[in-house]
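First the structure, then my questions, so here it is.
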Amino acid sequence: MTDQLDLDPEIRDALLRVGTAVLASQLLKRGFRNVFIAGLRPANPHCARMVGPAYTLRFIPMREDLAASGSVANPAHPQRSAIEQMPSGHVLVIDALGQTHSGGLGDILVARLMQRGAAGVVSDGAMRDSSELGALNLPVFCKSFAAPPSFARMMAADNGRPIGCGGVAVFPGDIIAADADGVVVIPRHLAAEVARDGAEQERVERFARKQIDRGASIVGVYPPNEATMADYRRWVDAGEDDKAL
Amino acid sequence: MTDQLDLDPEIRDALLRVGTAVLASQLLKRGFRNVFIAGLRPANPHCARMVGPAYTLRFIPMREDLAASGSVANPAHPQRSAIEQMPSGHVLVIDALGQTHSGGLGDILVARLMQRGAAGVVSDGAMRDSSELGALNLPVFCKSFAAPPSFARMMAADNGRPIGCGGVAVFPGDIIAADADGVVVIPRHLAAEVARDGAEQERVERFARKQIDRGASIVGVYPPNEATMADYRRWVDAGEDDKAL
Amino acid sequence: MTDQLDLDPEIRDALLRVGTAVLASQLLKRGFRNVFIAGLRPANPHCARMVGPAYTLRFIPMREDLAASGSVANPAHPQRSAIEQMPSGHVLVIDALGQTHSGGLGDILVARLMQRGAAGVVSDGAMRDSSELGALNLPVFCKSFAAPPSFARMMAADNGRPIGCGGVAVFPGDIIAADADGVVVIPRHLAAEVARDGAEQERVERFARKQIDRGASIVGVYPPNEATMADYRRWVDAGEDDKAL
Amino acid sequence: MTDQLDLDPEIRDALLRVGTAVLASQLLKRGFRNVFIAGLRPANPHCARMVGPAYTLRFIPMREDLAASGSVANPAHPQRSAIEQMPSGHVLVIDALGQTHSGGLGDILVARLMQRGAAGVVSDGAMRDSSELGALNLPVFCKSFAAPPSFARMMAADNGRPIGCGGVAVFPGDIIAADADGVVVIPRHLAAEVARDGAEQERVERFARKQIDRGASIVGVYPPNEATMADYRRWVDAGEDDKAL
Amino acid sequence: MTDQLDLDPEIRDALLRVGTAVLASQLLKRGFRNVFIAGLRPANPHCARMVGPAYTLRFIPMREDLAASGSVANPAHPQRSAIEQMPSGHVLVIDALGQTHSGGLGDILVARLMQRGAAGVVSDGAMRDSSELGALNLPVFCKSFAAPPSFARMMAADNGRPIGCGGVAVFPGDIIAADADGVVVIPRHLAAEVARDGAEQERVERFARKQIDRGASIVGVYPPNEATMADYRRWVDAGEDDKAL
Amino acid sequence: MTDQLDLDPEIRDALLRVGTAVLASQLLKRGFRNVFIAGLRPANPHCARMVGPAYTLRFIPMREDLAASGSVANPAHPQRSAIEQMPSGHVLVIDALGQTHSGGLGDILVARLMQRGAAGVVSDGAMRDSSELGALNLPVFCKSFAAPPSFARMMAADNGRPIGCGGVAVFPGDIIAADADGVVVIPRHLAAEVARDGAEQERVERFARKQIDRGASIVGVYPPNEATMADYRRWVDAGEDDKAL
């Protein structure tokens, strides 16, 4: 299944090679100070790196007469339709109100997302079935785990709309990138340039780290002055970086 | 302007005579534990009592390239269209993300809402122009006041959709009732019965308070046992309550 | 009704003449850093000053099958028995879990406490019936107001036991003192000496303030050095303080 | 040592085979929305699963003249008597005020609990001696670790009384169940039926997950419609589930 | 006493005529999103408007062996030297760690600041002596009131250094402006242009509000389109605004 | 490089053999209740134990015109000068305002600190480059990880000054000790006596734990009564403790 909000595979691959620390730096250079969803941890540290366009799911607080377990039997229920309709390669981003008293998704729904080609899941709240999720090879980021089902505390309101997730705006199609440092939201139209400039910044930082590990001071090296940049370019031209990888 | 979500004037008037403490009790008897938007205060304590159907406005966190002051010049901007499209008699209920670093509305927009017949405004965040708002005769409930405009920290996402406000679910058309104790959200289909039973509970409590003020113990009086209820009915039949009001 | 935890009327009157700022200073000199219940406000600013021994009431979180409105009809229910059993002159101190989604007491119960000679009420949560409470001449301190009854979110567990209130330990019989600055808990065995030394500190501070208002620097005056203390004693001996009161 | 609040070993074993996610679902079906103690983590992830009746210990905030290290030498001190009096097979549940600046128990007391046959320990605050606790085979759930002893910030008030732990009511004898998702509190009188229905729900979910892993959509499968339930019963009758375990 | 960080009286007077809501808007137009110290309230609502350069005082958490009452007898103590050294016309801005368990200043020190010509006081924590402060004619903004002296919880570290106050950077000499909406920090070099453009914005908003009060829609009026601006300029040229003031 | 705030190597080695739980107990005996920086976790659990004098770095909130990436190119920038000037053997302690939306240091700066002989790093905020830091053999304690660079949310203000870190006062030269339980701040003048008495307490606790593991009750054993202390001294004299280590 494809989608107009899909991500060019070349950009995706380029972004996958850049860490979120560098991506956040690139966005900050462009004036974006609020792109990091703080407080999340990878449920599967062994597979935390992911990149994909956002598909959004929004919860509101529970109301007792509506938040019943039966409601999820309806395929049109926003939580359930998100599972079956999210395009392949996308990341499900959940506004779970930041609450950790009930879990947004459990292992069965996440396993289904995996079958459908999801790139990952992000929630600013909790997830269920910690052990089972930990055995899946799908990147999942959340605040913590909780035993109760989502409707103990919240109700799915809609999907495919702009949301806030952990205090960060997420529009459908924004590019989500994550690794061990956490989750960064890249405005869709900046994905290509951030991928390109981020790759270069990663290389400069590898060079700087190499100098530091050899005993250099940070002065002139990080951030690099002109002399260091000249050394860097020679290093790149000599293909030293490729040997290091 | 009228609306299919309007509130029957008789129910509105009945609800206006019942305090939110009693309304919340009536809802609790029906199993609703999460209907009170905690932490809000009346901006105009002299006119805090209000009742009306909810018209919703939803904010998401700010993104620097989108949250510009120019954006509100577009009449389709959700914050601005809410001001001009909310039906008369309704209460504007704002999901302001609970944040108090920028204000959802200032005195010009609130003055316009007043002109358009609004019943009141509720926000789980801050408002601007404290002094000017305090001089208006429109009930406004918010957490605090803030000088910066809304787009310093958030962006209007849409209106007319289900929202969370201060941790409580609010659907368009739910009935909002407020007084000095704060703001209660009544599920729309329960408005009539809550108004009816609330009026009776208010009367029973007036009778109980009268007994207490005369030196009675609460035992058997509050909550009332059968003997007290018999006394109460005699008191009502004798028209004593009407004299007290 | 009297009680072994009653407070000597002379000490009570002495404490009523000392502000909480001075009482907290006296306790700090004795090594007590955690005697102030932060975050509370007087519900009746016109009658905020109170002193009396603590009578405690403890809440725990609500459980749906137990927190029913019917339960309070039983006179043995801890919230209700507190109302009828608290000795005259005492202050009801409520551990309301610091939560503000439901109110610990409403106007009927507070009116009954007044009838029974209560010195005041302190809660680290919310109260109900803001308007009615505001019309009573009983000091009440709480965090805020809330419309729902207590059992929407919590259940009374017991009374007469040591509790925490707003992060401060309160033992039955500890002396509670309050004014516009808030609520201070005085360990029972220190009441007499704190009253005595507090009265003297109040007088020294009145003298210092007088000097400041005449243009003196704080150096040597506040805190006072020996010369200032000599001036102070002359001022006291001359009866100047009595004229000022 | 036995106790009238002991748990039938058959029910305990049945509960041990059901995850907390399913137990919380079963409780939610019965109207209980607040049974999960959020924010806790297993100190010993290798042995996180536990079931047993609650034995409660309650702390209040520290007061400098009472919270001295000497006080714990008295065997009647509530923290110490809890250690020596808790019946075998029980879970020590601590109301530590949710604070993480001092630790409720260290390795010596926990080692003693283990010797005495404790089923586990739960605190809504911190514990001490992270490394030593991590080497014990006793399930311990807490918010975090802290170096200072408990009386740096709190004092044991009593044990064997109803408490709040992380915002959840816990009565002595309630059944505590925990696994990697966290800690669930089961009202004592519901333990048997929740164990029975939970076992069945676990089996239905295993079947659903099997279908999902084979590529089925969630529609009709999770939650299961009648056709799926018919398939499920055939699968059970054929003994397929037993092969899977 | 004068100071190189003094504020040009003309700019001060101009700023005093512009509300903080407009000042925050002007700063946002220049890219500053974090200039408002949220959560503060005027201790003296009758005299809340103030403008002056910041003089900073920084607290750190208390340590028992250093935070003794005797320490403030030393005139070099940072809290005390701030009182006697702050230049006339300045605003004392206190980093009180945002804590409300002890008060930064009481009435004697504030009275001395008044004598010395202070323009006002801002703290992101609590103050003491609510009643006495309320009787002074000096603008004071704080989060709440607390009875204990500052050294119950914190110690003055230094003054005259950059600080954070309520999450906002404050450099000595930055211009502090406040009114009923709260406190705004204006980077020193922007004071003149913000005063000038703010005055104009205030006038445009007065005009807009006038139109709204006459029944105009906000469309084209707020924000004003070109036609409205033409009307506005005619109104200004006709001197109508001066009549309105 | 040496420094007048260096720590006597014998005291350092002694402190390294005492756990933070015991160090905090020793400080509590001396009246210090607020020496533990709560909420931090070791970034490198495999090398969490560290001891060294504090070298402080203080951040304030970001201001858009000053918090630019270019500013760190200046070697006098406080964050950068801290890296190059901190004496060998010291611990860098960062007041990061407790915020976790941007990271104080990344792997390049930490690698440089390692080269310069740092004993460790402590921040009450986040760090960057989780994976790379995790591969270094330097103890680092922080609240969490964040991708954005520090200046996305804060600015370095100065170093070498008293700070608050996680609510605890830290003076340059105070001794920082850490292990799996977290970070303790030891007032510099108490380091020697705390090391000495802590070593003895560790030994007593090893003896107590030994008794507990053999089935002894805690009564009389922990805390030890005179009989237990006599046994303890025999055990020490017999050299049993040395065999156990």
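Labels A, B, C, D, E and F are assigned to the chains in the order they are written; within every chain, residues are numbered from 1.
Assume contacts are C-beta pairs under 8 Å (C-beta built on N, C-alpha and C of every residue); 3 or more make two chains touch, one makes a residue touch a chain.
The shown structure was predicted, so the numbers you read here are calculated from the model rather than taken from an experiment.
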Given chain A and chain C, the chains that contact each of them: B, D
Farthest chain relative to chain C (centres taken as mean CA coordinates): A
Chain of greatest Cα-centre distance to chain D: E
Pair exhibiting more inter-chain C-beta contacts, B-E or C-D: B-E
Interface composition of copies chain A and chain F: same or different, split at half: different
Length of the line joining the C-alpha centres of chain C and chain E, rounded to whole Å: 32
Distance from the mean Cα position of chain F to that of chain B, given in whole angstrom: 50
Computed distance of Cα centres, chain F from chain C, in Å: 40
Two or more partner chains touched - positions in chain B: 33-34, 62
Chain-level touch network, classified as line, ring, star, complete or other: other
Pairs of chains in contact (touch as defined earlier), listed by label: A-B, A-D, A-F, B-C, B-E, C-D, C-E, D-F, E-F
Complex contact set, residues of chain A against chain F: 19-21, 23-25, 28-29, 33-36, 38-39, 179-182, 184, 205, 208-209, 212-213, 215, 217-219, 222-223, 225
Touching residues on chain E, where the partner in the complex is chain F: 31-34, 60-66, 97, 155, 157-158, 161-164, 167-169, 187
Touch list for chain C against partner chain B, complex: 62, 69-70, 72-73, 75, 80, 83-84, 100-103, 106-109, 111-112, 115, 126, 128-132, 134, 144-149, 151-153
